[in-house]
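If you scroll down you'll find the structure; I have some questions about it.
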């Protein structure tokens, strides 16, 4: 097996970007989702509408933000609205097509933990917490989860359920009345998991070049089932890689610029 | 009795203006209240904060608006906020010191009708309706009512209760939990009525020059009681009258200016 | 967002029996769009608007409406809306059912609709006849924290909300500047959104915090200079207070009203012609 | 509104045991004001903030806080807030009680507080462990119209809300421009409001629809250029992403953290001195 000419982050980002249809309204988180959305916007989906939870609607950043609220996002936005409106008027009202989520743990039904590892009252690791994840998981028409696959993060049982995937599966989510369809794809560093149409258990649905089913299974904390057909995903195209690397280089340069503040007064 | 050198509207406006303490936050309605507030601002209360329900906060109009939302109000405001915020963040939150109300009918406890004369389903006169009055009546720290006194408008029984005064009196309003103190003064074209400290029934508390108790009683649809002491109100001062008339002349001139719209396109 | 001639925008998106909110609180009232509804002869509309104003007097007097949801129905600073009164008091030209609220309640109903909520909550104090109106949709709850009474107001989600605004940019984003009322909430609550604008510009002359409706929330837009006359468009032209005063006379009489509407609305092809006929177009 | 030196503003308005919201969503975070709270040695604070960020890591690490109400507590784009984690995981330097919400819930709690409401409502879907947190204050209701489950979130009314903003004018009105988060709601919900600003101007450079806090809603204001550093002030200076990255190292270790705070916060008289010491003041 030859060494691939791209990193796991890169193929995850490119794979996520390819899921996005031009014109879709995306509720974007920081990190890989932000890179994926902006890559898609630069490649095949120029009219992608990016909403960051900081209140920036329709932003077109030239460099990636480090935080969800960098000035770049406001400066390139169609408009900046107060945070209560982003959640009420956009997400809760059902205006978001695609939401992105990551987490510390995911279970076989796509439920997510971003609150604690260990017991809530005496945690081993206190994670950042819910943020906007529970509402994104509920209201986005569909959710893309992006996270690296390890037996601990793809867990047989969550230490804490922060956000709903398919709950206990087999229609439990729809029965709960959740307006969104839930996690239609989980993009990992091995490939893509998708819910089984009936049980809604996540199954291995696609693999990156050079990755084996066994490797993906070994990186999963539950006995990973296989989809009826496993798609072999293409490697990132040179144009995609070039655009992504240029975006990241621009970002690194921008973030390294020293700040000067005038104290005139 | 000599003919007074002012109209009933003028002495009502001047009397209302004199009630306003500099710095007070006023929720202003159109007509006499708007004239009174702006007169007070020009005379003794330059720092009066005027809020119009159209969402203009801290406005300082040079001419009086005809409607509650004339452009003049926005152009001279500290800020213009959406209407839901004016009601939630300002009025309901208890930020308003003085609210003004008028009505078609008032009863002896200061309850107001601005909805219908006659039966609701088959009204003799369909009035404009509630608008912001019920909330102003509830949340303003105190309310000033301004209306002309006739036996029909100062009614023994309201055809419809749109806004609360003291309800049935004797503490009923406070018992209902209303945050505001209710109508502290009713300014009419005869003088001023104020609630009795115990029963909260409106009593004649002040008279304009040349107006008799009997005249005020004859203009009231219930047996009007007298306050322990009836104040004799001064006539409008020449400076007040001059300022008011100048304001109204400016207003008439502004409202008469013909509109020209460019159809370039 | 589709850029359409106004007639086509209304014909496509406003149907008989629709619930329609033409919003704009004393400012940016979409008169041109409303007149197009009259010209197209739409019927049985459920009209929604905080402050019905002259435009609704006209729609009601022309028999377009079966129901009115509102919070204050007068000619601001002038007096009655005579056509509204005639419909309620004497069922002319047809009966008009009323759903009436306070300003705060109706603003909350739009806000709930814009937020994907089934209802909104506000404190409940005192005791008025408003809560006892026939067919009231308000409900009373107790706060689970304080046990105090709260009023629940059901969300309003109009079939279509129609706004007038200052500018649309090359991408179809729309700027609303000045007194905004509950226009944004009414638009975000609606199933379809129509906008008329004063002008089309390459880029909106707007700060990042301005009130902007993104293109993808708008069904169709039409460029109609003067489209808010006789109300106004901040930065473009002021309110024609003389017209508001004059309307009191026109609307007082059924025949005078009908003659005015036939001549100035039905008898002209579009809003520009109305403005020219009234001598306000420059 | 009183214009005060920052030390005096904080000394007067922030007391031991107060609930304090230093708001600003990733933007206009009032670092200078927060550092003054550290210098004044305030204790047993109930800190409230949607996104605790570095400033709260510092306040918590210095032992100022007894409780934290929040919705997301990380170093955005970088990782953990190590001092927050140390307090929760190992009670250092003292135990920290948590009240945690989702962003939407906390925004609603501020909004309810700003609106004089005892609670706010949102739809309730699915089933998470968040609703089962020990001591949760959320309650479940049924919509009186649809019978669907709703979550009631109790209002938050901080004793004091502290904001950083761009400008204050001659009358004391304050302009907030750019990403506003829930800053306005947090301010309007509070009993007292403190503001630090980049500069004082005769007139705000703001449109009529800009986000402005009227002077009479503000308890005290202080002029502190760079007061949001290492976060940012739109139009004045950008976010120092390098500092946010560097903080990860500093905060990871108790001694390194304490040394940094002693040198850069306790060891300097004011924010200007901190900016000079860090080499960012021009």
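Letters are used for the chains, namely A, B, C and D, taken in the order the chains are written, and counting of residues starts over at 1 for each.
Please note the rule applied: a contact is a pair of C-beta atoms (placed from the backbone, for glycine too) under 8 Å apart; a residue touches a chain by one contact, two chains touch by 3 or more.
The shown structure was predicted, so the numbers you read here are calculated from the model rather than taken from an experiment.
Visitor: If each step moves to a chain the current one touches, what is the fewest number of steps from subunit A to subunit B?
Guide: 2
Visitor: Give, as an integer number of Å, the spacing between the C-alpha centres of subunit D and subunit B.
Guide: Computed from C-alpha means, the inter-chain centre distance equals 41 Å.
Visitor: Express in whole angstrom the distance between the two chain centres, defined as the mean CA positions of subunit B and subunit C.
Guide: 27
Visitor: By residue number and range, which residues of subunit B touch two or more other chains?
Guide: Counting only residues that touch two or more other chains, subunit B contributes 74-75, 80, 88, 92, 179.
Visitor: Would you mind listing the residues of subunit C that make contact with two or more other chains?
Guide: Where subunit C meets two or more other chains at a single residue, that happens at 116-117, 122-123, 148, 178, 180, 206, 208-211, 234.
Visitor: Any two chains that touch count here, so list every such pair.
Guide: So the chains that touch one another pair up as A-C, A-D, B-C, B-D, C-D.
Visitor: Can you name the residues of subunit A that touch subunit D in the complex?
Guide: Contacts found on subunit A: 30-31, 53-56, 65-71, 73-75, 80, 82-84, 87-88, 91-92, 115, 120-121, 123-135, 137-138, 160-164, 167, 173, 176-179, 255-265.
Visitor: Show me the residue ranges of subunit C that touch subunit A in the complex, using the header's touch definition.
Guide: 114-117, 171, 173, 188, 206, 208-212, 214-217
Visitor: Which residues, counting only subunit B, touch subunit D once they are in their complex?
Guide: 23, 25, 49, 57-58, 74-75, 77-80, 88-89, 92-95, 139, 179
Visitor: Quick check on the complex: what are the subunit D residues that touch subunit C?
Guide: 116-123, 137, 139, 141, 143-146, 148, 150, 152, 154, 177-178, 180, 206-211, 234
Visitor: In the complex, go through subunit C and note every residue touching subunit B.
Guide: That would be residues 25-27, 50-51, 70-74, 76-78, 80-81, 84-85, 88-89, 100-104, 107-108, 110-111, 122-123, 125-130, 133-134, 148, 178-182, 184-185, 199-200, 211, 223, 225-226, 229-230, 232, 234, 236-245, 272, 275-276, 280-282 of subunit C.
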